[in-house]
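Two complexes are shown next, each including chain A; its partner changes from chain B in the first to chain C in the second.
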Partner chain A sequence: MPEEEQRDSKLKQLGRSVKEFLYGMAGHDMTRFALKTRGSMEHLFILITMGDLLGIPILPPYYSLRLLPYVVPQISTWKRRMLRERDLTDALA
Partner chain B sequence: MSLAQVFREHPNRRYIEFGGKGGLGKTTFSAATAYWLAQQGYKVLVFSVDPQASLSDIFERDIFGQGAVEICPNLYAQEIDADQRIREYQNEIRQKILDMYGLDEVPKEIEDYIQATAAEPAMEESAIFDAVVDIVVSGDFDYYIYDLVPLGHALYYLSMASVYDEWIDKITALRTEMQEYSQVAAILERKKESEEDQILAELQDIKQRINTSSGILTDREKTAFFFVVTPEEMIILDTQKAATLFAKYQVPISGYIVNRVIPPELAQQNIPAYLRNRIEMQNKYLKQIDETFGVDVVAQVPEFERDITGLEMIGRVAAELFGGEA
Partner chain C sequence: MNSILVLILGAVVIYVGYFIYARRIDQNVIQPDAKKATPAKMFMDGVDFTPASRNVLFGYQFKSIAALGPITGPIIAVQWGWFPALLWIILGTFFIGWVQDYGAMMMGVRREGDSMGALSYKLISPRARNILMIFLYFYLLLIMGSFGNAVGKTLMINPKVPLGMIAVVLMGILAGQMTYKWKQDIIFTTAVTVALTFLGIWLSTTAPVAKFFNGLYGLPESPVWFLGNTQAQVIGTLLVIVFCYLGSVMPIWSFAQPINYISFWIVSLGVLGGVLGMLIWRPGMGDFPAFTKFTTASGPLWPMLFVTIACGAISGWHSLVSSSGTARQLEAETDAMPVGGGAMFMEMFFAIVAFLTATAAFGGFQGYQDAGGAGKALAVFSGGLANFLSHIGIPKDFGTAYGSVFLTIMALTIMQLVIRFMRVASAELVGEKFPAMKNVHVGTIVALILTLVFVWVIPWLTIWSAFGAANQLMAGLALMLIALWAMSEGRKHTWALYPAAFMIVTTLAALLYLAYDNFFVKLPKAATAQAGIAAVLVGVIALVLVIAAAILVYDGWKALRKPQEKKAPAKA
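Right, the complex of A and B next:
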């Protein structure tokens, strides 16, 4: 029955919208915060394993090399963030 | 107790290490012990962790960087080529980057970093350390005999394990915390599962390797460590100091072997005063060794009339070392 199916899909759509609305109100900010913290830690992690890339001597580079392939995509954003000049507005962000 | 007895009474000690100052005969005894054990029917690997290894010289064969080379039935010898190992390792990393991201060449910045690491001072030792892990975890042999580096270096080698261990612990903790944030985000976004953190997996693998290696070095059940000394004052003092330091790293010291003893029978013969003096001096230090190390002295090996190279001479040393029970 096409009519019933149509009603069903509309109901589903409504349900999804409500869910997304609620997520946007309550969850989204928390998710963003969790991911932002995760991102900062990622950069900290690269710093303490691959600090040599910035000229900061780091203890055992032998095993750091094993981790290198996994951080390749992050290296350039990491460098930019680490070497960026900072000013007062950073504190407000 | 004789050395042969030590081996018989502790059949589980399958990792044998010889330590001592440079030039006292660590390589000689490593080779002789390997030879004796091979004669007893065990499959033995003697390998060197010294970048300036001399196993090639003693076996009169170039085995440097060729993996485990069969010297005679049951007896294998290996000299690790650190440079080669580093090169292979770097290539592995490069290949992994190319495969993971489907690149044709490694980005310049990354390539520079990979090349720069080869120049790091600890790189060579780390590479050897890592190669040793591969060797000992393979389990292909009944006995593994470490021809160790001279004392100071050996301590560095031992401490490296604990330094690595701490480093790994710290970054693993950070990585685990990062994982938690990913999971929180994943739950909030109602994803079924967060991506598995490959770095964390890699770290855990590294940690396990380091622990295996340092665990073996300090395992009283599986490992025997012998100090090589000669009847000379400085050597005795240095060995005492080293023994204290080694004890701090929980290295199980199983005994001392006295090398280069001038045969005392010579004193009965008509010998020049020069040699007579040396024998007298040696007697004094042998007494001192007896007082210092006492029952822990498991063997005395004479000074031979020629260099120890080739299997025949190694066999003679083994006969002295193990009381002719070969």
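Right, the complex of A and C next:
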């Protein structure tokens, strides 16, 4: 690769790093919170509809079974999150 | 000494500390593997565990750890002279600070993203987690008390500050609406709201606004309203309390988050302008003494200096952020050093800039004392920043108001977060016995009443020392956990164990000194009911923290001995 192109790509990389750093300081928290809110709502929905999987029957199984195909991709992460022990130090971060 | 020399010294320490010592521990002891799956990848749920690039996380980690601590600590600590303060900032970061931040992060990564509570349960003992929770509640309360005192009783009493702070809040709310409700472009939203915030800060320096707040506050020496506080201090703290209440009960997207976002720009531009002004001005320290005396208003140099400068050298708060916050987002194990270690070294640089606002911006020791000294550390910073900003053409009057708003929002962004945690903590700790505590408003109001008592009753230097001691003790306990974890993996652990021993001994000594000073010196001399209550409060909290820490250290010591006993050869 010619020297000029190499310098350009390094400059671009530096620019991208600075941009990411600024985003990390200014906006990453907001994005994380939006994701957390969405995730929590989804997990709450799965708990209501698929509670049987954790031993909490809330909805009649008929409806759970009809919704099951849509929820399958999220079941493993949902179970892990619901059953994970939490305390104040989890909330702090 | 010239300020530029101090900055160069800081840069050299960063180079040697990060590229030689820290990298050696990273590569030879911890041996991170770039190919190993991190919890962010293994458990990716798009909620708690989500991988992010190292540059993003570096910014996130730095923003999360740098608050009022690295600014206030060095400014108070120079009362012992500039040399011990600078030495602790540099050596503390070099040998202890990055060890804790990086160690807590790696520990989190290798232990499947466990939080500090879960780690203390698994590595120390089951009761360790419960004690940690009680310890944390007091720690959070001390953060509220010290930050609330600094803002409500020092910064807000300047009639040129409240409007600036109100402008930040209003523009934050506007930014939230523009982003989430009206779906406006983020660059446009940022430009409009940040520009309007600056307009608000400028308006706060104008004569009619200052006159209005002067009228509201009354004369400085006049009416003592409540518990020895002036009218201005009572109004200032009440404004802070209202802000924290709204921050705790309002939806986070509409209040806390957009205000934090606007604050980021205000603070970053202030730091950038201040450093630029310093580089142009290149002031010296004048007659600022290298060492003043061993015992000052804050107490003896050892152990009090080491708890006065917290975040600039080492801080327990960082371990909480590093373990369950950043560790769950690392894309690769090899990112832990640049993110955890790098952010800590950068914070050291930030602390050095704050140190220079006290030592170099006023031309000498007398100037520092005239600006407020250790007793009004935040006023010193805003005055120093204004002096630096004046060298890039910003009027001093505006610079002082800007510096004060800068510090106010730095403190308030943390306070509104802490009050949320206190609400969650009280619901968790006593919610079963007192169901009312599970109510958002009740939990918040109880936490705010406790905060008000701390702010109105306890003097500034005392509460800062108590907060610093709790913070540093948390750091000592985190380092102990890191040493235990390293040992459990069969790695060298002295790099974390020796700093842990130093921090635990020093902070326990500081807490015992605080208990002694309050029970046996301040309480008998207390001339008012307020002084008596303050002495008892601080003394009791210091003792509770000492007992909690003693149990944790005892359990930790037993856990440390366990594997060694197993390894000892059996007798024939």
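Just so it is clear, the second predicted complex is superposed on the first by the 57 of 93 C-alpha atoms of A that agree within 3 Å, B and C clash if a C-alpha of one lies under 4 Å from a C-alpha of the other, contacts with A are read in each partner's own complex, and residues count from 1 in each chain.
Methods note: a contact is a pair of C-beta atoms (placed from the backbone, for glycine too) under 8 Å apart; a residue touches a chain by one contact, two chains touch by 3 or more.
Small disclaimer: the values here were computed from a predicted structure and weren't measured.
Undergrad: Based on the superposed arrangement, let me know which partner A:20 touches: chain B (first), chain C (second), both, or neither?
TA: A:20 contacts chain C only, not chain B.
Undergrad: Across the two complexes, what residues of chain A are contacted by chain B and by chain C?
TA: Residues 23, 27-28, 30, 34-35, 37-38 of chain A touch both chain B and chain C.
Undergrad: If we count contacts the way the header does, which residues on chain C are in touch with chain A in the complex?
TA: Residues of chain C touching chain A: 43-48, 50, 52-53, 55-63, 115-118, 129, 132-133, 136, 186, 252-253, 257, 260-261, 264-265, 268, 320-321, 323-326, 328, 421, 424-425, 428.
Undergrad: Quick check: in the complex, which residue numbers of chain B touch chain A?
TA: Contacts found on chain B: 89-90, 93, 96-97, 100-101, 107, 109-110, 113-114, 116-117, 120, 122-123, 126-127, 130, 163-164, 167-168, 170-171, 174-175, 177-178, 181-182, 184-185, 188-190, 198-199, 202-203, 206.
Undergrad: Where on chain A is chain C touching in the complex?
TA: Counting only chain A, the residues touching chain C are 16-17, 20-30, 32-40, 43, 77-78, 80-81, 85-93.
Undergrad: Can you list the residues on chain A that touch chain B in the complex?
TA: On the chain A side, the touching residues are 23, 27-28, 30-31, 34-35, 37-38, 41-42, 44-45, 48-50, 52-53, 59-73, 75-76.
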